[in-house]
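Heads up, the next two complexes both have chain A, just with different partners, chain B and then chain C.
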Partner chain A sequence: MNNFLTQEFTTPIISYFTVVLLLMSILITGSNRLKSIVKFYLLQSSCLVIITLIIGFSINNPETLRIAIITLLGKCIVIPLALNFVIDKSQANKEVVPIISPSTTVLIASALIAFVYGLSMTQNFGRIAYYPGLFNAAISIILIGLLIMISRKKALTQIIGLYVMENGIFALTLDTVFGMPFVVEMGISLDLFIGVLIMGVWTLRIKQSFDSIDVSKLSKLKG
Partner chain B sequence: MEIILLILIPFITAILCLLPKNEKQFAPIQISGSLCLLLVVIKLLNNVIKLGVIKSFNNLVYIDAFSGLLILIIGTVSLLVSLYSADYMIKSNEEYSFPLWKLKKFYFLLNIFVLTMLTVVISNNIGLVWVGIEVITLISAFLVGYYNKSTSIEAAWKYIILCSVGIAFAMIGIILCFYAAIHSGGVESLSLNWDYLLSISKKFNPNIIKLAFAFILIGYGTKVGLAPMHSWLPDAYSEAPTPVSALLSGVLLKCSLYSIIRFTIIANESIGAAFTNNMLLFFGMFSIALSVPFIMTQNQIKRLLAYSSLEHIGIIVTGLGIGSPLSIFGAVFHMFNHAITKTLMFFTAGNLSLKFQTKDISKIKSAINIMPFSGTIFLIGALALMGSPPFSVFLSEFYIIRAGILEKHWVISSLFILFSLIIFGAIMYQTMNMTIGNSTEEKNNLREEVSKLGVLALVIPLFIITLLSVWIPAPLFKLLNRSVEIIHGKGIL
Partner chain C sequence: MNIETKNIILILSQIIGLLLLSPMVNSVIKKMKGLLQGRKGIPLFQGYYDLTKYFHKETVISDQTSWIFSTTPLIVFSSTLTAGLFVPMFFEIESIGMFGGVILFVYLLSLGRFFMSLAAMEPGSGFCGMASSREMMLSVLIEPVMLLSLIVLCLLSNSTQIPTIITSLVKHDLTFPSISYVLAIFALFIISIAEIGRIPFDNQETHYELTMIHEGMLLEYSGKLLGLMVWANWLKQLIIISLICNLIFPWGIINKFTLISISTGLAFYILKILIISIIITLGETVIAKVRLFRVKDILVTSFAISVLALILVIQELGRVSMP
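This part shows the complex of A and B:
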């Protein structure tokens, strides 16, 4: 293999980007403004694209490169654009009263990351991955995505939480199996594009009939 | 050829349903479309029974008897739904004074919904099955929120968010399974095909497969509505238009269960059946147990049926979890029976709530006098649903209990019987209150008018479940027996 991107060479680079990934998810949990949350999401997705490219070059796999292009199109262009459009339409830039305050959420998120890294040291479950750091980060990001979904009231933040979680799953795929076969990856990306559009439509409908996008008002159906 | 038609017919029907100029023209298009679909399904099943397994399109399509059973359920229920919606949707559109394009949207989405479910059950690639199930969630959310009231928006939102999170967990399970496959020497491009996975499953790392199975069960379990991930289910079923509730409960639930069962087969082959059986038994019994208090205190007719769906999912999953050929036969037979019976119940409940203009159980009185036809069938259907003979649900539940006792699952079997008895009592009490008794309303302004198609939509399922209780036609029996062979490795004969 006459490839200059050996694992010794790529590991530190990927570690840097892994740190950015984690940082972005912490920033999302600590932010109140929806527009900046979308920006952080955009940055996180761009990091993922770069990691995909590095891994793709290091294993010389053209499929990984195609996956990187689709991810760039979807996660860095279509999804942020759609989210920004919905934010403008629903005139809801600020999360006024979240269920758990941003500062507490940041603390919980950091604790989650520490927990996952600590667990991986004792249990060594990172051994199934090529880059153990990225693997741990991926698990942490999935958990942080769930945390975002339960700690915020706005419909939009819930969508973003879901997509942060999806980013974590994408990183997990990348790190354990170098990405799914192309057909499947294509289907998943298509799903995400359609998903953000459809959930955006529902957010606007919630806005229309409840006069805000606060999902804690959705509590009529019980029992 | 049949496979192409299977995909093409719902697609063409969906496009044609955008054309009509008045509301009377939808029914002929939709009904002829689903009749054609059912004919193609029967032709396809004939081939499946003859050949055993059909593989085509570069290994993307894989149809065996078990997928055949699901295709049969989809075909039958979609025909019933087409018959029923002809009348019902016009009436409910008048009630809400919706414009014509709402109906177009309804029929278009309905057909796309059926189309995606068909692609899920004929697909060989577990990754594409995942994609299909997520697409179904996104499409059916529009059908759940069709009426655009605040409650239906709430139901649709809960449905879309909870199911998407659940399915994301299932994705983790699929990744783990893929990982296990390529690290035990599997070819990467084939390692998501379920027939290939099954053939190499002996070599998998057992710990990873256990983890993967847990993720898949929780993930797709959310979509199936297994307790405790069921909280979206009663909301979505009660707020959706009745034909959609029937499809959600009768078919979609089984499609999601189908993906769990497919994965259970791989896991069983790899790590033995004990682990998966215990997990399935736990979730199955928990679902049945959790449905009991909600059924007893329910005051809304469609929510009552939704919680009864929760119970029946529990019964099917428990049947699978007991894990003997007889109980699995009961479970797959119950999948079919529940689809037909629950469709019948939703239809009659829809007629009742349309007539009385309410979903509130306490406001529906004396339905037998006011609506002699729908009221009577509602009462009979409730008996059938609770598993009293001579209806087919009785048979399948009996097989499951019998297998449980033969396998010496004493606690499970006795709890199963206890819960079924309580639910029988609770639902009979509610149904009696609704159907029998004197009405306080004036009779003459509440006369029933059921169209011929509406009558057909109720009589056909009633006929099917009664017939199946005394005689299972040979092709259907072969299909069921082969499904048991596929799931368990050995059939009941």
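This part shows the complex of A and C:
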């Protein structure tokens, strides 16, 4: 049980899923529809769950496996369902409202990936990371999540940016310390779930008082 | 038989094969699309009927045009045919790919496109001008992606020749094809659909002037010149399809010529083309054409995918060279 998932055997599989993670974050930045963004997020999270399972089995750590189950429940089931619910409830117009256009954002995202990978060729991250490819991808995904947050106008897409960023941080901890302690992970999942609740209430309230969920309209005072 | 005559025979058979097969492939795609939509579809030899019709008709050229308008069909046809020699159908030709490789291949296709949009602006028709500006917009986005994804394959196989790339893909370990190869093929596939003007990007069936891109540029052509342009377009389609199918399924390229190997090679080639055509037909039936201003988002995303493939392949090669 312990021996057949060696690092040589898992590295190519992990690298495949790592690239899917990166691809999904590129597709999220390039997509125009809110529903398809949620689908891409769901796929990204499922890849993360698979990576967690592989790493968990290969180092035989029950903690990591428990984290995988929590991630599966939280990121693959609860959060996408909640996001879809909020989209159905609040958006008349189910398209993304960008500050920078999606194609420019995609170009910036690929530049960010190139930057991170270029940096990794001069700095040897192999000392701290179990799978160097996953490490690079995780940092790129964090940066892309930040990019999504600052380049979109709707509150909903901003929170999706936060989730993408959290996926990156999750992958980073997974690669360096094999996942956070169980209690910390529980706390983070709870935070994200509270985040989706607050965001849902918030978007609906903005929608009620401003007839739109564009956050740039929040600068106006309203009684 | 010495090597010179053998090469000449191979090049001639490649040219004849491309010329004869290309109307057929287009008709097969149209036929399958018709069947999928519950129609009878066109007869399989419709392409040849169309070409004979065009070549029997009188050619009318506006007296307002210069030499560019009347020579463009020849340039487009010959440059496309030359590009076709770089892509093996099912046998290898050594001598023709001696210079240039993929870079020349991409730019031969661009040369044809450049002259086509130049000639479309010649007669001063509004729709032609609009179509040519759209074609240029697409080509600006298509060219880098095509080049980048082909360069990824070149880096993987240490060669810029398409036949060498294909044979080295066969030698690769197939249980785990390199992830950068998969990404590059993915980007190349999307961009090929755009290059041959198929549905998410352009609709070949439409004759509604406001939406057409490639067809719009041919509005002022008639007779033999129109026949050449249409044939060149079908040639380009066949060339791109054989590039894609040989890169996805790199087996079955023969270099020994016996009766058995030629017939199996041909059968395998036709099977590969059929698979790609079925994928294209399904895509055309299921997916709707996207708005012109959304096209750029799809193409830029595939650009990002090819950049990702390039980054990964550079990292992979760097790791190999650093022991």
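Please note the rule applied: the second predicted complex is superposed on the first by the 209 of 223 C-alpha atoms of A that agree within 3 Å, B and C clash if a C-alpha of one lies under 4 Å from a C-alpha of the other, contacts with A are read in each partner's own complex, and residues count from 1 in each chain.
One rule holds for everything that comes next: a contact is a pair of C-beta atoms (placed from the backbone, for glycine too) under 8 Å apart; a residue touches a chain by one contact, two chains touch by 3 or more.
Source: prediction; values computed, not measured.
Undergrad: State whether chain B and chain C clash or fit side by side on chain A once the two structures are superposed.
TA: Chain B/chain C on chain A - fit side by side.
Undergrad: By the touch definition at the top of the document, which applies to A:173: first (chain B), second (chain C), both, or neither?
TA: It touches chain B, and chain C stays clear.
Undergrad: Scan A:160 for contacts with chain B and chain C and give back first, second, both or neither.
TA: neither
Undergrad: Please indicate which partner A:86 is in contact with in the superposed arrangement: first for chain B, second for chain C, both, or neither.
TA: A:86 sits against neither chain B nor chain C.
Undergrad: Once the shared chain is lined up, is A:187 touching chain B (first), chain C (second), both, or neither of them?
TA: It touches chain B, and chain C stays clear.
Undergrad: In the overlaid three-chain picture, which partner chain does A:43 touch, first (chain B) or second (chain C), both, or neither?
TA: Neither partner.
Undergrad: Figure out whether A:32 sits in contact with chain B (first) or chain C (second), or with both, or with neither.
TA: It touches chain C, and chain B stays clear.
Undergrad: Can you pull out the angle centred on chain A between the C-alpha centres of chain B and chain C, to the nearest 10°?
TA: 150
Undergrad: Looking at A:76 after the superposition, I want to know if it touches chain B, chain C, both of them or none. Which is it: first, second, both, neither?
TA: So A:76 meets neither chain B nor chain C here.
Undergrad: In the superposed arrangement, does chain B or chain C reach more residues of chain A?
TA: Partner with more touched residues of chain A: B.
Undergrad: So, A:220: does it touch chain B (first), chain C (second), both, or neither?
TA: The answer is first: A:220 touches chain B but not chain C.
Undergrad: How far apart, in Å, are the nearest Cα atoms of chain B and chain C after the overlay?
TA: 25
Undergrad: Which positions of chain A sit in both the chain B and the chain C interface?
TA: No residue sits in both footprints.
Undergrad: Can you list the residues on chain A that touch chain B in the complex?
TA: Residues 128, 142, 146, 149, 155, 158, 162, 165-166, 169, 172-173, 176-177, 180-181, 183-184, 187-188, 190-191, 194-195, 198-199, 202, 205-206, 209-210, 215, 218-221, 223.
Undergrad: Where on chain C does chain A make contact in their complex?
TA: It is residues 176, 179, 183, 294, 296-297, 300-301, 303-305, 307-308, 311-312, 314-315, 318 of chain C that touch chain A.
Undergrad: What does chain B use to touch chain A in their complex?
TA: For this pair, the touching residues of chain B are 125, 127-128, 130-131, 134-135, 138, 141-142, 145, 148-151, 153-158, 160-161, 164-165, 168, 171-172, 175-176, 178-179, 182, 188-189, 191-192, 208, 234-235, 238-239, 294, 297-299, 303.
Undergrad: Help me check something: in the complex, which residues belonging to chain A touch chain C?
TA: 12, 15-16, 19, 22-23, 26-27, 30, 32, 102-103, 106-107, 109-110, 113-114, 117, 120-121, 133
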